[in-house]
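In the two assemblies presented below, subunit A is common to both, partnered first by subunit B and then by subunit C.
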Partner chain A sequence: MTILSNSTPVTPQKPWKVSKKQQLPNLFLIAAAVVASFVIVAATPMKGKLAYLLLFFVIGTTFQLALSWYKRGRAAAADTVAGAVMMAGAFIVFLPVASLLITTIVKGSKGFRPHIFNHTMAATSYSDPLTSGGLIHAIIGTLFLIVIATAISLPLSILTALYLTEIKGKASGFIQFLVQAMSGVPSVVAGIFIYAAILLTTNLRGSTFIGALPLAILMIPTVTRTAQEVLNLVPNELREAGLALGATQWKTVATIVVPAARNGLITAVILGVARIAGETAPLLFTLGTSDKINWNPFSGGQNALPYYIWSGLRDGTEGGINRAWTGILVLLILVLSLFVSARIFGSRKVK
Partner chain B sequence: MMSTVNSNNEENNGEDMSITTPSTSSLSSVAANHASQRQPGNAPLGSGLEARGIHAWFGKHHALENVSLDFAAGTVTALIGPSGCGKSTFIRTLNRMHEFIPSAAMAGEVLLDGKDIYEAGTDVTKIRLQIGMVFQKPNPFPSMTIGQNVLSGLKLAQIKSPKNNDDLLEECLTRAGLWTEVKDRLDAHAGGLSGGQQQRLCIARSLAVNPKVLLMDEPCSALDPGSTLRIEDTIGQLAQTMTIIIVTHNMQQAARVSDYTAFFLSDGGPGQMIEVGPTNEMFSRPKDQRTENYVSGRFG
Partner chain C sequence: MSMSSLLILTLIGLFLSVRGFQAFQTQGLGFITKVDWTAGVDGGKDSFGLGAMIIGTLVISAIALVIGVPLSVLTALFLTFYAPERIKKALVTLVDLMASFPSILFGLWGFIVLMPMAEYWAKLIHKYVGWIPLFKMPSPAYTRSPFIAGVVLAIMIIPIVTSVSREIFGQTPLDRIQAAYALGATRWAMIKAVVLPFGASGVVGGAMLGLGRALGETVAVYSVLNIVFKVNFQVLYGFGGNIASMIVGKWGEASLSESKALLAAGFVLFVMTLLVNLLANFIVRRTVKTGK
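This part shows the complex of A and B:
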């Protein structure tokens, strides 16, 4: 092999990139598809934005299909169609999410003012102007509910997941079945269960703690199943390494398996919180109600953001509905910031 | 089998390794060399281990049949044989790791300093503390730093070392041949090390609890020749203070590191121990024709 001398400087290039010249037929096809959709909408009784979109998608895909078939054959044509279907799927999923977010931000920002974070509804009714009242009591209530429900369900869920993945005891099959059955329980049933089991049979009244109980019931299966998945991903070699060093099973699980699965377990908790943060139905039976801040989780009614949203909608006045939208926006921000802080806190490495 | 490239095997160098198989005489000369370098008679530490009539099953499958082997204190014994002959199963019965497979069963006795480790009422965690193990795939704990990994055995077994932790850390990493490479980054995560370094870290980890016997299940099979050489050096040094039993697919390695070699084979039925003897004899004048065939590279 001879060594070629190469004195000219070499610059980084991307020879695989599609050049503008190669893109021309594609642009032409897209323009043709747009024109064709307009013509068809104008010439036929089809009407509306959806018609434009649908026609554009069908015609555009057909043109692309024809082009790639003509240029590169049948396999390439199938590739084009598969790509178009995936794009359409992603777009269809993205559309409602984006619409939901934008609507919430637009409608919620009307009542999103600084004073809602240091006022309650104690001296304000829902129909009053948006310049009065606030929802700090509902934010505090929701945080209380999340903390109490997590405190109850997290240990139970992690221990159940450890039983299913590490101990694999005789009752595993039955417990697995129960957890799966529990994840199908409608939230309103969980609420009615606590109502019937506790509020109807004792002198207790609705409170934050009682309201957190149905939420814990809903959270347990979600956290258990996710935790189980991530614990199963921990390589068996690590367990063997721990046991071969003379550790008991419990020591191996606590010092090796659980830390190795830490990020996944945090995801499990996040999914669990996401499951309950917006729940309204179970709270209607169990939370009591309050228009002001209640710092005592064990006595007196409480409010929560979903409950506040529901109250505003039920009020039905313009003010009430605007307050509900603001409540939705605040709930969205609250849940998002909880997730982000859990991620940052959770992925912190040991130096 | 013989295509394994070894850094210091002259006959296997170059591109013709597929047609060249080292002769038995070259292996036995390696073994003789090795034996002259070490003096196993020098008041060895460690403990003797004796396996008596070991059988092993997985469900109904009889994997290992009637293996009896005596491992003298302070010696290195290599277990060789083709895949599926029960070497790994056997080594896992020696520190009771075999029983973690749900369908597993066994028969026989394993005597550590004359006491059966399978005797009813034995504290199995104490057994594994005395009989350490290094696995085929490096398995450092990913959530711990390099330093924490080495000392993890103390924490896991809830024991205290007579030395202070810094000294122990340095000693274990030095004995495992890793100290100079990691001494400035003991707080770094173990996952950032290369495969060979990770395996030496795992060796350091098993040394920290001061085992009397060290079992190694193909410790170099996933490593490059350079790392393999480092680990073989390490084994040579460790043998002065403990009994080592190593499973290997690499016959040059067996010849280089071991005092004794045992040959395992399965003829389709359960794996059996065919022959055991001093390593240089096993490679120069094996008694059994099947051993001869295997060590000369005629099959496997």
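This part shows the complex of A and C:
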């Protein structure tokens, strides 16, 4: 101890680290590029934010290219340009996400007040001022849809995933192929399928239960594929230990594999719910419609958040659009909280 | 239980084709090749042709791919090889988040925010490269064009193409990467020599998964596209077609024979997306397995 405390503390050296002096030319170049793009915009007919960004990118990259060519040759110059182009690509991808989130929050908060959580649209039309009416009926409808769709798709998908990972029967290749094919079914097709199969064939009318059927179809592949990935992460030793203790395969799966993968399976379900919570197209064919709360999932039309947003958008009036934004904000909060909880459950280690 | 997916897929195909059979029967092959769509009133003759919608769907999806795939590949490369660890994590989360946005959000945002901007871009494109036949304008009607729908779809397919590409790039054998660096390659030279040849077919597969999504997108396209039953290759000009949105748009006031034709249209869309997705999955899985 004494020896250690007497010696001077050693700080790790990083000789390869770019020093402040080496960064100076870069900073200077960026500043020069900013100035140059301002000058060009001012001097030529080009104008607008787009022109600034584009010019800044082109000029900045050219300067960097010249610098690295001068310092390290042609290959390094190509590397610099490639890096700049990739960064620009990632930046462009990032822009719409930021815009989507900001617009939703700004425009949605206008009508986001406690009032909407205990009122329906029963006595309000979409074009009315935002102070009247609400979307509690749509929230309740969405929750109903989520619960029913999950209740239908959960057993099917988990059992399919178990078949694919645990039993690995003769048909697993084929079933894998089918699950993948199913994940590509467009939501509108799922909707008109249920319409053709049920509403056109029987004399039933659109209701919450029937609206949940296409959602279940869309949910199955998502949950199956995620569950499969999670089950594959369960160490084989656990299965072998179970079998070595004399348990049947069924018992091993039920008491060891599934509990071990529990968090992951919850993640799978959450991802599936996030996938369907915002689905609009299938609901247009199967849900019927309702302006007030409908507690009976088997009869009478229902509303849902995506349907509410859709109605606002179709209404086209300023009030309708504003209501749609509020609906989007509520839906986005729901989807984001699902997303975050999937992250939290997913990041927990398999026990 | 596990055969449920087979059952559902078969039922979808079966019900849509049986219910839409009448349309196939009365219209024959013309259902796919003809471009006009008029429901006969008062016993008049129906004429249902999906041609313009099929071409429109392909045009919009092609625009989405042309814009979306390069951006996704650049982003995936940036995330895998260039981004510092902290930025990488944030960006990956952001891309995943983008994948979970509901399509109606893209529709509303596309209608309110993107459309004015995209119109401005369309005018710029027309001004500078308007001599290319694809960008010609018979009259200055820039609103609700296939170009705008394509941009919205491009944004919607970016997350899936990016995450598939990133996964494939991430599987590039480390020894080959290190060999390239050891030979003195710069990062870009390494990517060109090792990563891109390795990941090319995976990117193609990812792009096709994106195409599958773009083909079947309904609500977002409906919000920003002016659907007209006429073939339009002038992508900046303000009308186009899309099967999925057309079904939604026509549904409300469709007669019985017309709604059967819409079911048949759904069947065509189902088959199209099924083929594209199966091909895509085949390509992606082959790449992941053989590592070529």
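Going forward, the second predicted complex is superposed on the first by the 265 of 351 C-alpha atoms of A that agree within 3 Å, B and C clash if a C-alpha of one lies under 4 Å from a C-alpha of the other, contacts with A are read in each partner's own complex, and residues count from 1 in each chain.
What we mean here is this: contacts are C-beta pairs under 8 Å (C-beta built on N, C-alpha and C of every residue); 3 or more make two chains touch, one makes a residue touch a chain.
Everything numeric here is computed off the predicted structure, so don't read it as measured data.
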| item | value |
| --- | --- |
| Fit or clash - subunit C, subunit B, common subunit A | fit |
| Touched partner set for A:Ala260, first subunit B, second subunit C, both or neither | first |
| Residues of subunit A touched, compared between subunit B and subunit C (which is higher) | C |
| Which of subunit B and subunit C A:Leu213 touches, first, second, both or neither | neither |
| Partner chain in contact with A:Val269 - subunit B first, subunit C second, else both or neither | neither |
| Touching partner for A:Thr160 - first (subunit B), second (subunit C), both, neither | second |
| Which of subunit B and subunit C A:Ile140 touches, first, second, both or neither | neither |
| Partner chain in contact with A:Ala197 - subunit B first, subunit C second, else both or neither | second |
| First (subunit B), second (subunit C), both or neither touched by A:Val189 | second |
| Distance in angstrom between the closest Cα atoms of subunit C and subunit B, superposition on A | 20 |
| Contact footprint of subunit A on subunit C as seen in their complex | 1-6, 8-9, 11-12, 15-16, 18-20, 70-75, 77-79, 82-83, 91, 93-98, 100-109, 111-114, 121, 124, 155, 158, 162, 185-189, 191, 209, 212, 215-219, 223, 244, 247-248, 251, 262-263, 266, 269-270, 273-274, 276-278, 280-281 |
| Residue ranges of subunit A in contact with subunit B within the complex | 235, 237-238, 240-248, 251-252, 255-256, 259-260, 262, 349-351 |
| For the subunit B and subunit A complex, residues of the former touching the latter | 95, 97, 100, 125-129, 132-133, 135, 137, 139, 141-145, 152-153, 155-159, 187-189, 202, 205-206, 209 |
| For the subunit A and subunit C complex, residues of the former touching the latter | 50, 75-76, 78-79, 81-83, 85-90, 92-94, 96-97, 99-100, 103-104, 107, 155-156, 159-160, 163-164, 171, 174-175, 177-190, 192-193, 195-197, 200, 217, 220-221, 224, 274-275, 277-281, 284-285, 306, 309-310, 313, 321, 324-325, 328, 331-332, 335-336, 338-339, 343 |
